[in-house]
Structures are given as C-alpha cells and as structure tokens.
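One structure, pasted below without further comment.
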Amino acid sequence: MLAPASKQSHDIEVLWWWMLGAAVVVFFGAVALLGMAWFRRGTRGLPLFGERESVPQAMVIGFGVVIPVVTLVVLFGVSDVYMVGQTSPPNPRSTAMTIDVIGHQWWWEIRYPATGAVTANEIHIPVDTRVNIVATTADVIHSLWVPPINRKIDMIPGYRNRLLFDADKLGVYRGQCAQFCGLQHAHMALKVFVQTPVAFRAWLQNMTKPADQPVTALQRAGEHVFMTSSCASCHTIGGTSAQGTVGPNLTHLATRTSLAADTIANTPSELAAWIRNPQAIKPGDRMPDLGLSRTAITALVAYLDGLH
Amino acid sequence: MSATRIVRPRKSVPNGIWGMALFLCAEVSLFGLLIGTYFYLDFIARSWPPYGIKAPSVVLPLVATAVLLATLVPIRFASRAARADRRGAAITAIAIALVIQGCYLALQILLFAHDLNQFSPQRSAYGSIYFTLLAVHHAHVLLGILLDLALIWMLATRGLTEYWKVGVRVLALYWYVVGGVAVFVVLTQLAPSL
Amino acid sequence: MATVVTPRGQEHVDRLERIWAPRPGLLGWLTTTDHKRIGILYFFTSLAFFGAGGVEALLIRTQLIGPNGHLLSPQAYDEVFTMHGITMIFLFVIPMTTGAFGNYLLPLMIGARDMAFPRMNALSYWVFLCSGIFMYAGLATGHAPNAGWFDYVPLASKTYDPGLNIDFYGFGLIFNGIASTAAAINFIVTIFKMRAPGMSLNRMPLFCYAFLAAAGALLFALPSLSLAALFLELDRQLGFQFFSSSRGGDALLWQNLFWIFGHPEVYIIILPAFGIATSIIPTFTHRRMVMYPLVALAEVMVAFLGFGVWAHHMFTVGLATITTVYFAGASLIIVIPSAIQIFSWIATILTGTPEFKTPLLFIVGFILYFILGGLSGITLAAIPFDQQVHDSYYVVAHFHFVIFGAAVYPILGGMYYWFPKLTGRMYNEWWGKASFWLTFIGTFVTFFPMHIVGIDGMPRRNYTYPADMGWTFLNMLESIGAYILTAGLVMIVVNLFVSYFRGPRAGNDPWEGDTLEWTTTSPPPPYNFPVIPTVTSPYALWDDKDREHDNRRLERGEGLLDAGHQTPASTVQDAELDEILSMPSYSAWPPITALTLSGLFAMLLLGHYFIAAGFVVLGLLALLAWHRNEADA
Amino acid sequence: MSARTTNLLVWFGVVGGGLAWAVQFVANLAFGWARCNPPVTRWALPVHGWEIALSAGALVIGLASLGTAILILVRTKGGGVLQQGLRGEGPAPPIGRINFLAVVGIVVNFLAIAIIVITGIGAPMLQVCKQS
C-alpha cells in the first residue's frame, strides 16, 4: 500500500498520510496537555484563566465537539462519499478485459473467460489497462488483497464481487488471502505480473495453447505416471486425459514462478519435494502424499517442467 | 422481593415488574431479529416462498392469534383483581386464560406438524426461518402457560402476598408482550399470502 | 469523610451485625447472595480466565517471534487464537467489569445494601462459571473452537469443520449469554430503583451511568448473538439452511447478526472502563469532573450509537455503497462522545491538583492509549482505507489499543484504587508505579509495531509468515513486548497479593474519595451502610454536612432499617424514598439451576435431545422451588 | 402543564433525535438491501427518493426535539448543572434533574442531527447499488 502501483492505491496512500498527520497533531496535543497537568500538579486552574470553570468547559465543547465534528464531516465527504467511487469496482463496459479469480482452500484459480486460458496463483495483466476482476469462491470465504494495486475484496459464496485492477507500474506484486479461511490461510498468496501489452499478449497466447507433448523418454515416463496415478483425478492438463478440477490447472506449470500458492519456488528440486511430501510443506493441504517412488517422482518432475 | 412496610402508596413500578419488562426488551429484540432475518432472506431470494412451496393459508393462523389476544382480557382482570386483594378472582381469571391459551398452543402445534409434512426446514432457507420463527414463538407461549400454572399454584398455596401480587402483574405484562409479538409473528408468517 | 461511630451508634451497628451475620464456611460462599461476595467470586474467576487468555496470547506471540515458526501446528494455532479472543472478551473483560467491579461497587456507590435481585445475581455468577468451564472443556478434550471468535460461516459449517469444536462455541455462547442477560437486567433495575434517597439522575455517580449504558447495550445486543448461534447450531446439528447460499441462505446473514452484537460488544467492554476512569480521576485530582452532564450523556450515547455501526466490520464484503455510507456516518459521529469524555478527563486533570499515584497513572495511560486506538479507529471508518487494511495487523493493533490499552488499564488501575476498600490494607506504591511503567512500555512495544506490519500487508490470523517479507524484526519486537507486558501484569498481581498480608492498614477512606463506598468500613460490612446515606450531589462524600447528618442519624438510630435484611427502594428519576424491601439472604437454588443448565447444554452438544429435555424440566422445578421462598429464606 | 406532560416533553427533548436517526437508519438499510441484493428485479424501489424523504422527516423530528430541549433549558435556567462544576449541590430535584436532562438532550440531538444530515446528503450522491 505504501509502494502503490496504481492510482487507486496511490489515492488511498495519500488519504492515509493526511489522516496520519491529523492523528499526530491530536495525539501530541493531548500529550502536551497531560504534560502541562504534570508540571502544574500543585496548582489549581489554568495559567492566565485561573479557576474559572467556564474555560475547561469551553475546552471540552471545543476540542470534544466542535473541532471533531468539522474534521469528521470533511473526512466523511472525502473518503466515504467521493473516494469510495474512485476505488470501488468499475463499470464492466469501461474495462478492457475481465479476469475471474476463484478462491479455493488454499490456492487461487485464475480464468481469462474471453480466451479460455486457465492458470493458478499468478495473475498477468497489461500495464495501464483497466481490468475487471470478478472474485468468487469455490468453498469458504476468502479475500483477494494485492496492496500495491487496490483495496481488498472478499470472496463470498453466492456473490460475484468485483474489483478494479488498473496498474500503472510494470513489476511483480505479491498479494495474500486476507480473510481467515482455515488451516493454510497463512500459505495462500498470489503474484500479480504487470507486463507490457506485448509481453502480456504473448503470455496469454501461450496460455490458450494445449500442453506441450513430452519429448524425452523420461518425460514420457513422467506423463505415464501422471495419467495412471491419482494426479490426473485432481489436476487438469490441457490436451490430455487429465481433467481433474480439485487442484490447480497444470497445463503450463513450467511457466509459473512458484508452487502451492506462492509457498515455495517452482524449481525441479522444490517441485520434487512438494510431490514427495506436500503435508510437510503445507500441513492440512488438500494435496495428499501419493507415496510415489523416487524414480517416478524424477520422471514426473521432468514431465511437469516440460509444460511451458 | 416482597415489599414490607410501604412508606406510602408506591409511586414507582416495583422491581419485579422492571425486571420482567427488561427481560421482555431482550425477547422483543430477539423477535425483531428473527423477523428481520425472515425479510432479509426474502429480499435476497429469487422467489419467496421458493418454487414447490405454496404460500401459507391465512385463515386458521389469524383466528388462532385472535383467540390468543382474547385471553389478554382475563389476564388483565387477574392483575386488577390481584391489586384489589381478590385472590379467588385472580386465580379463576388466570385459570380461564390458561385453558384458552392451552387450546391455542394445541392448535398451533397441529398446524406446525401439518406444515412440516408440506415442506421441511432442511430443504430451503425459507423453511428454516419459517419453522424457527414459529417454534420460538410457541416456546414463549408454552413458557407463559407454565407461568400461569406456577402462579395459580403459588396463589393457592402461598396466598396473595405482596410478592405474588407483583407476580401476577409480572405474568400479565408477560402475556401482553407475547400477545403483541404474536401479531407481528403471524403477519410475518403470512406475509407471502397477504 | 467517613462515618464516625459513637458508643450509642455502636449499639445500632452491633444490632445490624447480628441481623446480617454471614453464614460461615464454604456453604456460605456457595449459597451467598451478598453482592460483595459474588463480586469477589467473579473477580477471582475472571482473573483465572485472564491468566488462561494471557497464556494463549504468549503462545501466539512466541509462534510469530520469527518466520516459519513451528511451536504450534496450524490446527493448534487456530484453536489458540480463537480461544484467546473468546476468553478475553466473554470470560475476562465482561465478567471482570460488570461482574466483579459492578457487583462489588455499584450498590456501595448508590447507597444500597444489595442488588435488586440478589438471587438472580448469584445465578448469573454460577451460570457464567459453568459456561466458562463448558467452553474450556472443548480445549481440554481437543475440540476447542477453531474458526476465530467471529466464527464466519461457511468455514464454521459442518462441511468444513465437522468436529465438535464449533458446537462448543455455539452452545457455550448461548449459555454465557444467559448469565450476561440476567446480570444486565439486574444492573439496570439496581441503578433505576435502588439508589439512596436524594440521588436523582443528576446526582448519580458517573460510574453508574457507565454501567447503566453497558448493561443496556448488553441487554439489547446479546439476543443477536444468541440467535446467530442458534441458527448456526440448527444448521450444524439439524441440517437447516440459514447460511447455505445454494438453498437460499446467506453467509452474510451470520456476519450481520454477529456484528449487530459484536460492535455494541466493543462498547460494552469499554464503557465500564470509562466508569472506573471517571471515578478515579476526581479522587486523585481533588475536583469534580468538568462537564458532568456531557460525560454522563457521552457514556449513554456511545452505547446507543454503537448499534448503528456494525457493518464497518463488513466494508470489504461488497455491500452497496448506499448501505455502507450509513454505517460510515455513524462510525464517524460516534467519535464525538468519546472525544467529549477524553477532553473532560484531560481538562479535569489539568485544572485539578492531580496526585500521580498508581491508579491515576493507569488512567493517564488509559487516556493516551484510548486516544491512540480511537484515532486508528477513525481511519478505519474511512471506507477506502479500511478496505485496504481490513483484516490486517493494523486492525489488530487498533483494537488491542482499545480493548487492552483502554478497557483493561482502568481495570488494573481500579484494582489498585479499590484494593484498600476490599482488604483494609494499602498496596505498595513503589512496586505499583514500577508495575505501571512495565505494563505501559510492554503494551506499546507489543501493539504499536502491528500498525506498521499491517499497513505493510501482513494479514491477521496467519500461523506463520515467510522470511523475505520484512516483517521479521517488527514481529520479534512485538513478541518481546508481550513478555515485558506479562512481567508487568505479574508484578501487579504479586504486589496486591503480598500487600494483602503485609500491607499497612489503610483505614476507611485513604484517598478522600468522592463516592459513597468510602464512607463505610474497609472491608464493608454485609449491610454496607449502618444508616442509608443522605445524598445531595454526585460527589456525596465531599458534602461534609450530609455525612455529619448521617452520623447524627446513626447515633439516634434513624434510617437503620433493622427489621430483617432491609434496603430502601426509590423512584426512578428523582430517587424519592418509595418502599422498604426485605432482601433474601441465602439460597442454594441459583447454583443448582446453573447445574441443570450445564447438563442441558452438555446434552445438546452431544445430541441427546431427550435427556436435554429432562434437564429443562429439572431446571424449571428448581426455579419453582427457588420462588417458594419469597425473601428472607 | 401537568408534571406528567412536562416530563414527557423533557424526555422527548432527550431521545427524540436519537429515535429519529434510528428509524432513518433502519429503514434506509432495509430499502438498500431490498433493492440491491440479487435479484434486483423483485424490489424496484426508488431508493434515492426514499432516502431523501426519510432523512428530511428525521431531520424535522430531530430539530423539534432539539428545540424542546433548548426551550426547557431556558425555562430551568439557574437549574445550574453547568454551574455546579466546582462546588455546590445543584438545586433539588426535579428542577436540577430536568435542567440536566435538557443539557443532555441538546448534545444528543446535535449529534443525531449531524448523522442524519451527513448521511442524508451523502447517500443520494452515490450511485444506487454500486458495490463498495
């Protein structure tokens, strides 16, 4: 939030600094008064005014009613009537594209409905483009929060909440589930890649393609393992018989930078470790320990790392 | 707390009645929230009641409610009689009310069972709130009937002491509020048909 | 000034002593209806729960002291932070303020000899105790609630939480609600009807206004929680559909019902703290509160407006802006009553001659932290900013400054302030001051960095966090602060414990206090006051001629009310003497009724509905037996 | 005026604005929820119209209540709640109490009116059913 990558986040940051400034004045004003009380603890009344009761009474009315009412009414107008309109969801027609973000325990499903591209835990958006995010959930309540890009929005069963992404800085931004969603709430992060329109189009283009065919013998062995073990019953790999929908779509797994909702990096060794014992990395996660042999895992990793 | 040695005719409402009044405040807000929930679910529903459940029939519930309201008359009489130290009259009045309220509850339970055969609270949120609302209301009527019995017994055995004079007035207050609530409950229950 | 007893007066006092002689031994405590004994029971029970909640807090902080901590498993962490919330709110702060302080002090401050309904008072305590044990039974059997104290569905539904965990929560809160409702009714009637003659609404100690407001809010807020819990259990146990979106239910229904209770709850927690502050400040500044009427109304107004702000806990669920705007408006204006009080306290300290003894120090700390928490609260009423930091550690920082810094500090200050009254001995001032500074620093170091990590994007309720986020140092700081804080709290308990045995005699009125509890002996006798006090101002004890008048009345034996356990009742607005009540002295039925309730809820939990019905019958019989004895049983 | 009517007036002066706000608040929430929860088709209410009407009505009641409180304060001047800051007992009830309640009423109504006004002006400026 303090390193904004969008107008919305920037506006909120500005609001924050103003509120902080006002708060500092109030707080240290009170500290000053109490300090004065300490220095004058022996003497009744106030300097200059003496013991006239009307003075402290006026102080209560002034500091306690008049000044706060004015400030709060201003804050109300600025933030709750004007700014709300700026950061709240866009009119879908005003946006270049719609992305569905679906919360699962404990990962994010990302869909580009216009193209049929499906991925997980990594949202790619073009810079300086208004994107209409539709946030829904497959199970419990989650909350999509990418501080540098915009405020958060909860994902509630039965509701289609929306959010505006309109990043104006290239880069990779981390987000995390903000609403307590169970055992692995702590390991439910995602990344947002803000790319140049060219790079974004290339990426999306690739996403719409079916999975690469395995080339090496090892990869073919890995594909066999995937299709014959229980992997295929939970995961989808486009263009193959694996069409499970419980876990993330793996069609282009090798293009992702992280695994298990940004818990570990997507490297062959980490991937192998994850497959060998997911419960050690994300206790309580839906991904079971398949009890695959070392050789099977090596093959599987080779296959999955070929899915560009 | 029985009041001995009253300084002069009491100016303020006795503690017992204050206590019951405040308890009823909590009960009324409970029913307010139940009815609020009913309409909240109504607002977000695609159809209310859901397809396959026919809107409730109006006549019997309204009649039953009217009967329940009628019992407020003997209840009021009982509380006056108690203040006038007329123990026998008070007991009789409560007994009369008790009988009618008993019939009301019996009828309502029959209707409740009949509705349960029509649609279940497990199938739709409508069923859930419908049956919960009615069940909570009937529970309050049942509690009132138990209070009637307790009062009759106490008046018969302990006599009309200051303590039980207040007791009768507390009972009356309870029934006034339950009667009032009954109106709102039945209107909510029948809302789809009205 | 305190009561002076002449030899002739002593005869009258002895007579009262005989009439009110307490029943000896354990049975005396089990069957007592004396508000002071019940207050003491409340005090030690809720203190024990405070200990439990504190241990849970330390577990949380130790888990988070570094990244990827593994002191607790995710499951254990969820149970611990849930129980921490439930314990501190339902089993510590509320029973400690309303239960302990309110019970012990309210009748003394309004010049009554007991609460309006002494036996119901005992019932509230026993029910509270049983409900607390009930909820901790969950933890003991490894089924502690684990979906947060806010317990959002569907995470709390049978599908995602099949165990008994949530059922301990649901039934436990309904159970606990019975105790609080009974207590609330009792407090309101006591304040309305039991005030000493002459204590009209404009002469009522501000302490009473605070407790009146808290009790009122409790009375109207609790039904919402009980109803939500009822819906939850119907969904879980009987398969109802209140919260399932597929069947026309709504997950937000829970959030609405919960926060309709949950936000007034915040004020229920803090209002008694205001009350304690407003009774400590005049004593130690030797002057009356500035703007008495505004402080009184502020206390009530907070409780009232508190019912119109609940959805500011729901600004991120996607409500229509035309809905949220009403909550935002109320959430901002509710700042004003608090501001009025803050500046009234400050103005009083400023224009008085404050003695910065330990109790006042805690109040000053309370004022500072309440301002801090209040200011961060204002920022959360700014919807866009709230939507940014909601459910982050920023919010944790905010409400810990409000609930710990602001609600608990006056409790701690109050412990020191009334310790001489309860025990007749004086605590150790040096250790008192030391404990204040330790607590004060600990609080700041624990909670302030949370603002920063929150704004930096650290969400709440995470059992761990990655090492590369830059949150590590601040979290370590917070954990260290938690240990300092614990040391401070332990020091308070030790100081009071040792002083109870070693402390010098304090006398009846060591502080020259302003309210009636200081007229009577320390500790107060079972009948509180030999003569019913005369009251002509909110600072009764500073009206010396009234006190002298009372001494003369005692000597003449006027207003003794010595025909049994008697206490006066007066009219609601102007407190004219209206009648003399005889109060019950002992009853075994409240604890018995509480036991039947425990049986009822245990059976509901386990799904034995017929046995549960049996316990209902037993409970009704107990109530019947209870009322066979009218008053002096 | 009988003591009873005076008392009723006094209490109207205390709670009038607050209750008006409560009604405005609850009713507007109900309309908002009815109109903006899916499906919007079942309850096509003119929400902004209702909002303005309700807020205006509430404002009138609030002002009436405020006026009452001020009137009573003037009538009971020397009731002296504010004067009793430093010493003194304040006059015997009921005058002291009424004066006290009048002071209370003025501030309560001021706050209630403040909420009614800001929400009554703010809400109609927002687009109906725009998700926050």
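Here the chain labels run A, B, C and D in written order, and each chain numbers its own residues starting at 1.
Everything below uses one rule, namely that a residue touches a chain if its C-beta (ideal position, glycine included) is under 8 Å from a C-beta of that chain, and two chains touch if they have at least 3 such contacts.
Computed from a predicted model, the values in this text were never measured in an experiment.
> Going by the contact definition up top, give me the pair of chains with the most C-beta pairs touching.
Looking across every pairing, the one with the most contacts is A-C.
> So which chain is farthest from subunit B, going by the mean of the CA atoms in each chain?
A
> Subunit A to subunit D: how many Å between their CA centres?
Each chain reduced to its C-alpha mean, subunit A and subunit D end up 42 Å apart.
> Centroid from C-alpha atoms only, then distance subunit B to subunit D, rounded to Å. What do you get?
32
> Could you tell me the distance, in whole angstrom, between the mean C-alpha positions of subunit A and subunit C?
37
> Taking each residue of subunit A in turn, which ones touch at least two of the other chains?
Residues 51, 53, 56-57, 65, 69, 73, 76, 80-81, 84-85, 88, 161-162.
> Please output the residue numbers of subunit C that touch at least 2 other chains, ranges allowed.
In subunit C, the residues touching two or more other chains are 244, 250, 287, 290-291, 294, 318, 321, 324-325, 329, 332-333, 336, 340, 383, 387.
> What residues in subunit B touch two or more of the other chains?
In subunit B, 40, 44-46 touch at least two other chains.
> What's the complete list of touching chain pairs for this entry?
A-C, A-D, B-C, B-D, C-D
> Where on subunit D does subunit A make contact in their complex?
Residues 82-83, 85-86, 107, 110, 114, 118, 122, 125-127, 130-132.
> Which part of subunit C faces subunit D closely enough to touch in the complex?
For subunit C paired with subunit D, touching residues are 200-203, 287-288, 290-294, 296-297, 301, 304-305, 307-308, 315, 318-326, 329-330, 332-333, 336-337, 340, 383, 387, 536-537, 543, 573-575.
> So in the complex, the part of subunit A that touches subunit C is made up of which residues?
Residues of subunit A touching subunit C: 1-2, 9, 11-12, 15-16, 19-20, 23, 26-27, 30-31, 33-34, 36-38, 40-46, 51, 53, 55-57, 59-61, 63-65, 68-69, 72-73, 75-76, 79-81, 83-88, 105, 139-141, 143, 145, 147, 151-154, 156-159, 161-162, 174, 176-186, 283-284.
> Which positions of subunit C touch subunit B when the two form their complex?
Checking each residue of subunit C against subunit B gives 116-117, 120, 181, 184-186, 188-189, 192-193, 219-220, 222-224, 226-227, 230-231, 234-235, 238-242, 244, 247-250, 253, 256-257, 260, 563-564, 566, 569-572, 576-584, 620, 624, 627-628, 630-631.
> Please name which positions on subunit B make contact with subunit D in the complex.
Touching subunit D: residues 39-40, 43-46, 48 of subunit B.
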